[in-house]
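Below are two complexes that have chain A in common, paired first with chain B and then with chain C.
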Partner chain A sequence: MKKLLFVLLLALSPLAALAQANLEINTPAINGLKQAMAGRHAQLAAHYGSGAIGIARDGSVSLRDANAVPLPQRAAVNGLLGAENADRAALYKEIARANGKPEWEAEIRNTFAQRWAEKASPGWYVQNAQGQWVKK
Partner chain B sequence: MRATSILSALAAATLAAACVTINIYFPAAAAEKAADRIIEEVYQLRKDAPASAPVPADKK
Partner chain C sequence: MAMQQFVAPVTWRTRFGQRLVREGIAALLIACTCGALAHAQSLQLELETLSGPDWSVRKLQLALQQGGAARLGLQGLVAQGRAWGDLTLECKRFTMDRSALNCADGNLEGKERWPLSFTADLARKTLSLRVAPEAGEEWRLDITGVDWRIALQNASVARLAPLLSGAIKPTAGRVSGNLHLGAGRVDADLRIVDAAFADATGLRAGEKLQGRLTFDATSHPRLGAAAAPADWAWTAALAWDKGAVFWDPLYLAHEGAEAPHRLDARGRVTAGRVVVEQANLEWQTLGRLSGSLDFGRDAFDLGSYTVTGKGLNLFELRALLPQTWLDDKRLGDLDLKGTADLALVGGIRGVEQFALALSGVRLHAAQRHLGIDNLAARFDYRSSGREPFLLSIDALRLQDLRIGPIRAEGELRDGRLYIPNLIAPVLDGILALAEIEVDRESFSLQGALTSVSMEKLTAALGWHPLGGQLSFVLPHVSYARSTMAVDGALLFKLFDGDAQVDAMRLENPFGRTPRLTANLHLKRMNLEAMTSAVKFGTMTGLVDLDVDGLVMENWQPVSMDARVLTSEGAFAKRISQRAVQNISSIGGAGAGAAIQRSFLGFFETFGYDKIGLSCKLRNGICEMGGAEDTASGFMLIKGGGLPSVNVVGYNRFVGWQELLDRIQAVIDGNSRPVFQ
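Moving on, here comes the complex of A and B:
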């Protein structure tokens, strides 16, 4: 009996190791989203720099100062933000799904929110835990 | 015999606890690493991996 339980415990131990392995992020869906976002980033970068948009604490990008965008460009910036945030939401969901843990979506989003802010260039605005915009 | 059943019960409880731990466990460090790899490509911070090129499988 003891022997059986011991064997069972041994058999289950690799599960713990598996849980600590890298997350799967190399799927066609994730790569597609990543490339769309990288392409869009070139257009968003100038608006990060002007302070028009900032890195929100919920893992999205948000308009923080519409006045920093020339009037004729505002609709285009809103369109970019909408597309970017849709891709980001899809990305968080897809990473959770690709790893067989749809319930991880919120935690993946939180992790990304911190890392987007951490990797932001100097001069960009990031939202702190209290919701205030802080210039990096 | 009694000792054996107590031990078995204990082992079973440990096993159940371990399973629960595995189920709720979120690999924060792995998630951070995965996030960084994606973000560096989106922000184009990686000079060796342009956004237009697919990610090489060996870059883990």
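Moving on, here comes the complex of A and C:
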């Protein structure tokens, strides 16, 4: 009986629900977003390396220290971040929708936040659970 | 008379359990120094803790030697909420008498060591202080009563950063000039070189700034309100010679090659508010802007404001466009010309009036093949009331398609734009829009396009050539809350057939993930016109195209039930060898199995009864069907007449992308031959 209850609880938990989500699902909208993000990555990579931007704990990219970017380029970097974060937000929403579970968007965002942090290259800044920036 | 001498140096150790007011401490020190030292050769004073209303010192040590050295040490100085650490003031040559203090060859030492000297005349209430932190840099303060004069020479403004409480701090730069604070008057004339500032985020910053600031303010007691603070009348002028400022999202740079940008302003400070009565901005390449505003002195809350400008050069407005647009290679060559007159009036409730007149506007993005020729417009937005609206454009350009000339008249009514009619020639047709309504977040319209040659249209847009005519009727189209909807059916003519699009909704049309839902029905399209346009092979006859439940994401279909089928009725039905071959290719491997090769090789065209192809698209997979089902597949071409041909497809399920590739290959003429 206890075992059955445990299984039921596990099945009802958001974690279990997310485990069933296909994060690699492809739709035209998701493909378009991924292509846009891939095309933008080369431009962002240099700013990850300089510490100007970092991987935030909420699955977005944050401006950590704009002073690390030459003044004439600051608006461009800000624009890149705006576009990247809009694409990321749309990606989480579309993956949830493609899975038929729009209500999973927040959990999918959290899962991606962990993925981005794990995949960050050495020297990049990542925001920890306490909100502090840590150099990887 | 011989000077009185203390038997031994005096040491006072005092722990104050309660706060002392600054004035009390000052009186104590002066009493000690002037009263005692005037008759003594040396004095030592040591206090463990000393504090006032907004400051405290953990330990104060004072050592004076008449005619010799003096040293004042402060440990753990905290003032106005900031910790200043330890400070030491030393004078190698120190003299004092009953009315004067003189410090020569002194140093103020904290984190840095600053040479200084000062003279204070207590009787005449004057102080003259000179600080020279480094060679060529001097800060001089002369106080006479309530009259303060500050003279700066190459003064490093970054030294002021710890004293400033705002979010924006100076980080570099030198200032030379004079600042005067007197009874009822403040004036300044300062020259700034290589200055920089930034906030902690770097989103508001400036670099290599050079210019001159002059300021003059005088106080005027308010009539009949003797106890109230006086009003101040002020004028200011700022000349920006060169440098760059990033104030998110704007980036403004002055290379220094042209004349300085100038801002001249005058106003007053009254009852806690700063009023800019008149400000004029002369921006060398943009033009002249004038305005006024008022804001709270403490909270910076904006009150009323006005901005006016005449003959502004629109090219400079590129700086207002999002930088990502300009960095986009396809918009980087954006050419913007023309002039604008504007008037903006606002208040605490937001914009009350915005009048804009554009003339001679030319906008071209060559790489995007977009353009606007000679646009002129005049509109006057008001939060209430009616004002006329005028628009004329010689041409809108998209690739080689030219739409125009366009003339439209309307009115702005309670902040909403109404245009009853807009006529625009498009190639050999006319685009007519009507009942156009636009506000900040929504728009609606209806309209129609009279017959346009598809051949000319596709050629102008650089598309694959198509024949026939295009015309359409737009029922009521509206956009609100990020969704565009068509109320009723969108009707148009294509390849001599009647087309209808209904239940059409477009979510997020200007966003990253546009999503279209619609049903599409095209009846009795002329196959000959269609197939001759795409070199598909000749087909005569009529077909219907029905697409139900179409869902497109990012302009690609993700779900639909689509079917092409020969129309009902009697008409000539012939199909060429090449067309049979291409339909076989679309049907996939084995689709040509029913073809009687040896017999068909003698004929150029065949008769048919039905042609059909259907796709039920789900999850990237197309479930295919034909005109009719057979025992083992589906019939793409059902023969009829003499000679006739049947084409049967056998693969029911095909990936959507693979199907697109097959169609593309046919269009490209790369389909594999069926006949030998």
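Heads up, the rule we're going with is that the second predicted complex is superposed on the first by the 112 of 136 C-alpha atoms of A that agree within 3 Å, B and C clash if a C-alpha of one lies under 4 Å from a C-alpha of the other, contacts with A are read in each partner's own complex, and residues count from 1 in each chain.
The criterion applied here is as follows: a residue touches a chain if its C-beta (ideal position, glycine included) is under 8 Å from a C-beta of that chain, and two chains touch if they have at least 3 such contacts.
As the structure is a prediction and not an experimental result, all values here were calculated from the model.
In the superposition on chain A, A:A46 makes contact with neither chain B nor chain C. Within the superposed three-chain arrangement, the count of touched residues of chain A is higher for B, of the candidates chain B and chain C.
When both complexes are overlaid on chain A, the residue A:N31 reaches chain B and chain C alike. Looking at the shared chain after the overlay, A:L23 reaches chain B, while chain C stays out of its contact range.
In the superposed model, A:V134 makes contact with neither chain B nor chain C. Common to the chain B-facing and chain C-facing surfaces of chain A are residues 26, 31.
Residues of chain C that touch chain A in their complex: 198, 201-203, 205-207, 244, 246, 248-251, 253, 322-324, 327, 511-513, 515, 552-558, 620.
On the side of chain A, the complex with chain C involves touching residues 26-29, 31-33, 36, 63, 65-69, 71-72, 74-76, 78-80, 82-83, 86-87, 90, 93-94.
Within the complex formed with chain A, the chain B residues making contact are 4, 7-8, 11-12, 14-15, 18-19, 22, 25-45, 51-52, 54-55, 57, 60. Interface of chain A with chain B (complex): residues 1-2, 5, 8-9, 12, 15-16, 19-23, 25-26, 30-31, 34-35, 37-39, 41-42, 91, 95, 104, 107-108, 111-112, 114-116, 119-121.
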